[in-house]
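I have a structure here, written as structure tokens, and I will follow up with some questions on it.
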């Protein structure tokens, strides 16, 4: 079984290095094929591990080698396959495998085909390190690896020039990549502080040792650690106020978006909270803030998705919103529900993105849904997948989203927090509305793309076939909720609905479903016939506010970027005037000194000897003085 | 009674004489002579210390100083002869060709 | 004034008087020996068998005009002969001549004084002698350089080359006997050969003995190595401009050195002043020294002198390697 | 008593001779006085019981080093006075006297005898040459061998520097050939 752990972990690395060998050469089909095969090997190993753990309840813990042994600090390269990590492994490798296969088709015409696969596999490897590490340090390595790979992938088309925000809200791929990386760095500082707090107080970074020490730690320490760790999670999971990078990350190729949103990157924050649940469960204040922030983000992101015209951005906002759901669940203590939603969400969100990729591919990189419509004739398979995924996202019975999202809303009710409960229900309605607004505007109604001279076509067959596992899982994943509960409670604290909620559960389900179906119906009424634009609506303050993402990017630029740039300019001037001038001064003094003392080099040995004698006398004086001093 | 200090002071004076020679003279040969004086002054100090502290190390040092002086004269004299053959002078003032 | 002190003073007087007399007498012997070897009579006219020739030569030497060349460095010029004579006599200080004996009480004034075999029995005796003889090279050297004469310069150049080279051979050849005896004191050498002719070091170190003799000839400026003042080549070398008493001092120094070398050869290799059977040591010792002295004259009569390059070739390519090999073999045998 | 007298006589003589070396205009004087000074330095060595060192001083310094200098001097006319522009005497005197004063101060007053201990004590059972030999071939074996190599290198260097045509012997060359060379 240990070898399976290593196979699951290192197959993506091998894939990355293999693809990296050909990174500078023109496209080679076999690179994609072999990478996908290796990823599939990784998935198979993960699945076997999962089966093994489920059937034998045996956690597999391996130690590759010592990594850092300095003084009291001993950090091994240890990996663990337990209930949580194996769940994540299966989800990550499955989605990644599909994305790899999909990429063979999607990146067909890209000249950096091989490089793309190298990055993609490295991304998966980093995520696996993050997930499988048995200590916080390894997790941090994976954490940073994911950050680096996201930077590489978002900026994959780095050669595109910068444009203004009016043309492209993300300015350019390299700009978006930098934004993502810098925002993550800011949050990572919090993460690091959290790790330092833990190490300072516990003396170790191993999960088991740290969690065993929790009862001995002061509440203030735990609160600080939890808060610091959550700041890290906020960055990776793009929680408010560090959320802007996520939508800008759409500049990367669509498979990357799918990977980031479904499997590798944004789920890391949720994973951290779930992984460190012993810490968060003893810090109710932090947990409550997490829940509140999660709920807020769910609503906040959904509201922005309502009016957006960019296909991928709508889906990105929906990810943000669903992450809010996950954090709400985790904050309320229902960690396994959060993990379940994470897994279920991964399947249909990946499906959505890949579908969006198909559309984009078919529409020749056009993403504005106002320029689409009636695509269902041209892209039947994609339409099916997208519709299915949107239904799952909206939470329609009996699809995956229904089970997981319903459980979260139920949890909010069960906790007696009616404000969160109401907001989450309304958000569920909004989710249904924007999802189907997007579906209807894309696939139904009049065919607006003709005016732009676009001839849409369906994606390759094998790509559609490769996507089918995701579609199946988007439908059936929710059915395993009970089984998953039994599987995961070996590790995560169980969360049971209390008695009075239990007999109200049906009503809550009905209310949620009513909101969801209501949202779909509203979207159908408004958009099924085609696009009807109303000047009044689009001119209203709320519409503008939402479509401009609450002006947050603008505010960030005005409040943070610009002053920071000014400050940097000031510092640059100080550097030029003070530091550089000082350095120059030293050089000038030496130069002038050399010029002045050049006369000493008369070429006359006698003069040199005289100077040597003077030096000898000076040394003698020093020697005598030191004798006297001593 | 003659103590160690007597020898050391004598060595110091001899060394100073050698130093004066090094500073004063411009003839290469005379510079060599002055250097020899300084080496000998050091040797006197070594031998005296060796005697008064009952330690043979001082004499050992003096032996190696003498060995160094012997090699110095072998090489130095060879160079001296070459310089004289080439420049027809041993005066440092006339040999100053490496002016900065 | 204890007995030893008086004895030492007596010894010093003996050396000064006898050895300088030997220098004079040596010239007579040399001329006679050479004459007989060349089938002629030698000095015959002054005194019986020309014996008073010594006195005549002495008077001539001491009354001759003392010339100092105009361009010569006068101080150094007059200093140089003294150096030769002085170093030759200083070297004598560490040489044993005869066994320690006590002057019979019957003699007035000096009766009871103990005359030591050696004036200063320093524990580095033989090295001291070699060192002083090495210092002796300054005589010819300075003499040649001070007289502002090209023959003189050539003479001093040859001095430096010859003495420096052969010092190496002398030192190395004496090193092997030193290793056998384990001491640098000449008294110890003498005592090591106390057991008759069979115990002489010459039998154990024949190579060293021959090397020492050859080097000794060179060090004392004797034929066939008399290149410093070879009349046929460089007039008289370093003594070209000298006359009278100064010339005499060089002469005395040279003969003293000959005696010194003879004594060293006798003490180091040929049993010193030990008695053999009934023959008393001092007599044997004088005989040995006389033999070596005679050998030098004999060689002068029998051998032509060598060229400078042949001399250097002999020193560095024959004698020195031989001496080194000899030392190494001696060391190996001692270790075995 | 004897040592005291010898020390003072030797000191005065040495200082005087070395001063002559340093201030003399005539190289011959300088060389002669330096060589005599060396002999007197050997005398100091005998005074402090370093017999072997004294003899080495005599043989190596007096017998070889100074003789080599003398040999080197034969390349120019030593009876003539040197014409050299000496550095101004005041300046030199200040430096030299200050060095002398400083060293006197240091050696005469400040050296702390208790702070020094013998790392290689002299064995009183042995004569000086024996003790030197023991030290040289045990504790100082490596420096001794290094010094030997250094001397060998110096010898080779000296030969290469000074004697480029060592193998051609002028006396072995036929006269006509020699003359032809001169013409050329």
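Each chain carries a letter (A, B, C and D) given by its place in the written order, and its residues are counted from 1.
Following the convention adopted for this analysis, a contact is a pair of C-beta atoms (placed from the backbone, for glycine too) under 8 Å apart; a residue touches a chain by one contact, two chains touch by 3 or more.
What you see is a predicted model, and the numbers here were worked out from it, not measured in a lab.
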Looking at Cα centroids only, farthest away from chain A lies chain C
Judged by C-alpha centres, the chain sitting nearest the middle of the protein is B
Whole-Å distance, C-alpha centre of chain A to that of chain D, is 83
Chain-centre distance (mean CA atoms) for chain B and chain D, in whole Å, is 7
The distance between the C-alpha centres of chain A and chain C, rounded to whole Å, is 105
Whole-angstrom distance, CA centroid of chain B to CA centroid of chain C, is 33
The positions of chain C in contact with two or more other chains are none
Residue ranges of chain D touching at least 2 other chains are 52, 64, 68, 71, 73, 87, 91, 95, 99, 103, 106
The positions of chain A in contact with two or more other chains are 606, 610, 613, 616
Contact graph of the chains (line, ring, star, complete, other): other
In the complex, the residues of chain D that touch chain C are 26, 28-29, 32, 35, 39, 42, 51-52, 54-55, 58-59, 62-64, 67-68, 70-71, 73-74, 77-79, 127-129, 169, 171-172
Note: in the complex, chain A contacts chain D through residues 606, 610, 613-614, 616-617, 620-621, 623-624, 627-628
Residue set of chain B touching chain A in the complex reads 19, 22-23, 25-26, 31, 92-93, 95-100
The chain D residues in contact with chain B across the complex are 3-4, 7, 11, 14-15, 18-19, 21-23, 27, 30-31, 34, 37-38, 41, 44-45, 48-50, 52-53, 56-57, 60-61, 64-66, 68-69, 71-73, 75-76, 82-87, 89, 91-93, 95-97, 99-100, 103-104, 106-108, 111, 113, 116-122, 131-132, 135-136, 139-140, 143, 147, 150-151, 153-155, 157-162
So, in the complex, the side of chain D touching chain A is made of residues 87, 91, 95, 98-99, 102-103, 105-106, 110
